[in-house]
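Quick one: the structure is below, questions incoming.
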Amino acid sequence: MTPGYRIEIVIEEPMARELARTLKTLRVPGYTVIPRAHGSGDRGIRRGDELAGDSSNCIFLIVCDDRALVEKVTEAVKPLISRSGGMCLVSECQSLTH
Amino acid sequence: MTPGYRIEIVIEEPMARELARTLKTLRVPGYTVIPRAHGSGDRGIRRGDELAGDSSNCIFLIVCDDRALVEKVTEAVKPLISRSGGMCLVSECQSLTH
Amino acid sequence: MTPGYRIEIVIEEPMARELARTLKTLRVPGYTVIPRAHGSGDRGIRRGDELAGDSSNCIFLIVCDDRALVEKVTEAVKPLISRSGGMCLVSECQSLTH
Amino acid sequence: MTEAFLANLSSPPLLFFFLGMAAVFVRSDLDIPGQIARFLSLYLLFAIGFKGGVALAEAPLGIEVFLTLGAAVLLSAAVPVYSFFVLRSRLGVADAAAVAATYGSISAVTFITATSYLDAQEVTWSGYLVAAMALMESPAIIVGMLLYNRFRETHGGEERQLRWGPLLHEACLNGSVFLIVGSMIIGYLTGPDGMEQVYPVVSAPFLGVLCLFLLDMGIVAARRLRDLGDSDGSGKLPLGFMGTAALVFPLINAAAALGFGVLLDLDEGNLVLLTVLGASASYIAVPAALRLALPQASPSIYLPMSLAITFPFNILLGIPLYHELAKWLT
Amino acid sequence: MTEAFLANLSSPPLLFFFLGMAAVFVRSDLDIPGQIARFLSLYLLFAIGFKGGVALAEAPLGIEVFLTLGAAVLLSAAVPVYSFFVLRSRLGVADAAAVAATYGSISAVTFITATSYLDAQEVTWSGYLVAAMALMESPAIIVGMLLYNRFRETHGGEERQLRWGPLLHEACLNGSVFLIVGSMIIGYLTGPDGMEQVYPVVSAPFLGVLCLFLLDMGIVAARRLRDLGDSDGSGKLPLGFMGTAALVFPLINAAAALGFGVLLDLDEGNLVLLTVLGASASYIAVPAALRLALPQASPSIYLPMSLAITFPFNILLGIPLYHELAKWLT
Amino acid sequence: MTEAFLANLSSPPLLFFFLGMAAVFVRSDLDIPGQIARFLSLYLLFAIGFKGGVALAEAPLGIEVFLTLGAAVLLSAAVPVYSFFVLRSRLGVADAAAVAATYGSISAVTFITATSYLDAQEVTWSGYLVAAMALMESPAIIVGMLLYNRFRETHGGEERQLRWGPLLHEACLNGSVFLIVGSMIIGYLTGPDGMEQVYPVVSAPFLGVLCLFLLDMGIVAARRLRDLGDSDGSGKLPLGFMGTAALVFPLINAAAALGFGVLLDLDEGNLVLLTVLGASASYIAVPAALRLALPQASPSIYLPMSLAITFPFNILLGIPLYHELAKWLT
């Protein structure tokens, strides 16, 4: 187990592709995506029932042990969530990878 | 990034509407729901295969920076999970919203 | 609210049954599973579009207040994720159960 | 008589039910995706409702119809009462009330399987039985809640007050009931013309979809049965009692329904269907309502009883048995 | 004339739409699983595209066809312009551009409902209208973005530069447009032979599937309508303006389309369909594109307008109204 | 001969496969929801199994049948052996064994596409070929594991012991195999009577569903192909070798199967199908089993080979090629 950071990003589903591309550019070691979440926030309810998926959220989970990378990721996410809503959380954890 | 609290609630899916209503009354700033989780606990296995969805769990994620609100939410959740099962977690995090 | 540990395990979906069995043997108090996540890591992209589900991840969330049990779980998970990929995180939280 | 049983057991839907059970017992990973299973179930309710409505529009509504509907409601309200007192011998108030409600209500899939059985045997039946089915979903839930409320222990000065609003809402407006009733009304309004337009969806694929759905039901029922077996050691559940009750209740309730039906002088097909409604137990609508109205009751008691024991019993042996009895009585 | 309205309102697809709305208003928990709803919508696009393609292969392509397609594109590009200036009176630039794009584009489900209405009335229509539908999806998005870009406030030395690549990509290659166009091409290439092979999937179940899909649309639209009502107190949204615009725009645009159609001397059926295309507003393709291209616009303005008001208005009253007008004009 | 290729390439299922690939290459966001795709695949297995079973019930089982089934099993067991040694030249033991197992086994969708090709060409084929398909799924997995176990490096005193239980279980009872075999048995038991009942689900929509499913397969295959392209720079994967092998193996295995078939004196249709079984490679059953039985092997080697290269090759060019050869040889 090594100490690391746990980044969680809630973002609307149509933005997922763009975020995945951004993360690749930043060379994060990996990420996990939970699709089709719904929710509610300043921009009203996202029911997750929309016919083209444009009213769903998804959640990205990124684990890394590099504080500088955390900064880079949150910086990169900021414009995305200020444009179309969402949230970014950072907390600490112990992690075990293969 | 501002420090805040991360509340996670695991509750059975048919209770989701009631919980969402409660959260609205408590004026939480927002929440994200992961539907169709399954699991196992004191009340046996929840397979998530039930035909009417009554054997699934869902997970609510609520982020707020107000300790008093955290208390209110956990108080409100207590009767729900003691009646029909589930769990409520609170941890600390750094959060970024728009 | 009692202090406890929050274990998150990302593992590929076909391994979920085996992990659930293992957790039962270790007598964890309960677990919640988020199915059909996708992601990317050292072993490439897992698109979650695979016809037999063999390219999806799932996420196990286990909460317990016993440090020794946390060790047991991470020990048991280690060979699984070194064989077929994935990740295991541990963090602290306050928990409320019924 | 064995012929009837064999004919039933060798029909495609039943064989797919076995296949689903077999998949679980040999631990194959065969699985129908959850949203598909829910949709197949919605489809069957939609189709049977529509067909029933069209049939109602085609046949004149006689006094027989209203008497039968009345008998159906009565049955659904009376069954939970006697069951409750039987069940109290071994179960707590909440669990007894929940199981009682389950057996008073009906299983739409059992009903649908029975209609396809009758169709295969070329026995006619009337559309108003679909209305009877819809009417029998809710009363049992209400009676169950009344029983619970009357007999539960109250603490201190707590009052025995039911929240009628949410209860009636859950009982009468849950998705399944709403869809059957709605489709029946639409079928009634559009009549044979409407049927002609939607025939390729409502009617032609009905039996094939039933096969796929029973494949899933076999998987689901067998899993519950295995979970019961797994929990055997823990001794928490009164397994013997649950098993016996889940086999005896359908027989008693079938007898009661047969009695009503004979009094009403129903035809062979309709008699079989009323009996099946009496004998069947809910595992979708009632559990969904109980989760909200009576969370104190344990789903690991009422759900396996109706889903893992009574349902397979009814579709495998019950339907041909009720048919033989009905033939003998008409 | 009331007859036409009643015939429309009592067709099975419309009745199922009402049923879906009713489910939400009585707070039933009836729900079509999300992936099923998406698939039903893909199915309808696939089927209408294929049918349109086969029809194109069967009929000679005259000059009429190209003129109609040109008129359709023109309409879809012109509507956003006038709408934008009307909408600017009450909405910000981003929101006005988004609503304008929504109303310039089309709703495939409204079109499909109109074809099934015409089929029921035994009025013929031509396959190339499907091509018109496909062509009308995209131009409105582009015009909307141009308007936004021209009139938005710029800060400092910022340039008014559109990123054309992603914009054209979103506008022309989103899943719905791609599937309609692709299926139409395949239908065209395989012709009646291909149709014979896939008839039991593409054609026979079309109306039944439309019923199930409109059931879901009723649920979805009613939820949006209720959300609007809930947000009433907050006073953030100009509800009165939104409601009026969502009822007036379809009428104006229908009139414009009728005008074009009469000039082109279209037949009754084709005239109705062109009018429906003009009157309808997008709630799938355009919102999906706007999420990426114009995230500054608020979905809680443009989505409820097209989905919760214009869509029900068109399928309930609009289609028979446009039909009456078309009959009167041809 | 070019005619046969063109006829194949212009059939609706193939055109939808192209459409799916095109969607990925132009980066459209067209997508079939995951649970739907899985269900379409289960439907195809269910339908082909049932059809095969009914056909078996109708035709007398001759010695030819058993010889063909034996040849099929032999083929499926022999192919991995030679492939393994070829593959060892460039791949590690685990990866070589995994790819070998993949090519020894079969692809049900390729088989199904071939049957619809033959139906379109009005070439008859026999139901027992479905049984051959089911029998060929598993042996290759077992042989692959035996090869891995024999040739892997062992550390210290570790023994070369296979856990036979889970291996056989995975190989023989995975969901796809179970569903085909089960549906085939049910089709056999219920025969033409059963077919009549479920015809509107099992048979009529088969080709249309195949179109929708191949649309999804086109998307999935093209994504894998693009991922391969993306990983080009990293140089981790022996792309040239993978591509060559994925095109050469089907040809060699087709030749072997043709040989067997000619020896057995099969009819044109059956010969084509046996050849297709030989040439096709698994991308559902075998990968699912390998994930559990051989996690050391990298899915990014064996999956793109069979899914992104061999599968498109077989359905686009392979099937008409094998048909030409079969015609020439019978």
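In this document, chain identifiers A, B, C, D, E and F correspond to the written order of the chains, with residue numbering beginning at 1 in each.
The working rule: a residue touches a chain if its C-beta (ideal position, glycine included) is under 8 Å from a C-beta of that chain, and two chains touch if they have at least 3 such contacts.
Quick caveat, the model's predicted, so the values are computed rather than measured.
Colleague: What are the chains that chain C and chain D both touch?
Modeller: Both-contact set = B, F.
Colleague: Based on which chains touch which, give the shortest step count from chain A to chain E.
Modeller: 1
Colleague: Quick check for the class: compute each chain's Cα centroid; which one is farthest from the centroid of chain E?
Modeller: Comparing chain centres, C lies farthest from chain E.
Colleague: Same residues or different residues where chain E meets chain F? The copies count as same if more than half of the interface numbers are shared.
Modeller: Different-residue interface.
Colleague: Give the label of the chain whose average Cα location is farthest from that of chain F.
Modeller: Taking each chain's C-alpha mean as its centre, the farthest from chain F is B.
Colleague: Calculate how many whole Å lie between the centre of chain D and the centre of chain F, each centre taken as the average of the chain's C-alpha atoms.
Modeller: Averaging C-alpha atoms per chain gives centres 41 Å apart.
Colleague: Indicate the whole-number Å distance between the mean C-alpha point of chain B and the mean C-alpha point of chain D.
Modeller: Whole-Å distance between the two chain centres: 33.
Colleague: Express in whole angstrom the distance between the two chain centres, defined as the mean CA positions of chain A and chain D.
Modeller: Measuring from centre to centre gives 45 Å for this pair.
Colleague: So which bits of chain E are touching at least two other chains?
Modeller: Expected reply: 34-36, 38, 174-175, 200, 204, 288.
Colleague: In chain B, what residues contact two or more other chains?
Modeller: 34, 36, 48, 91
Colleague: What residues on chain D touch chain F, complex-wise?
Modeller: Those in contact with chain F are residues 10-12, 15-16, 19, 22-23, 26-36, 120, 200, 204-205, 207-209, 211-212.
Colleague: Touching residues of chain B toward chain C in the complex: what are they?
Modeller: Chain B reaches chain C through residues 10, 34, 36-42, 48, 57, 59, 74, 77-78, 81-82, 85-91.
Colleague: List the residues on chain A that touch chain E in their complex, please.
Modeller: 12, 14-15, 18, 36, 43-45, 47-55, 83-84
Colleague: Which of the residues in chain F end up touching chain C in this complex?
Modeller: 34, 37-38, 41, 174-176, 219-220, 223, 227, 231, 283-285, 287-288, 291-292, 295-296, 298-300, 303
Colleague: Contact residues on chain F for chain D in the complex?
Modeller: Per the touch definition, chain F meets chain D at residues 34-36, 38-39, 42-43, 46, 169, 173-175, 178-179, 182-183, 186, 189-190, 194, 197-202, 204, 288.
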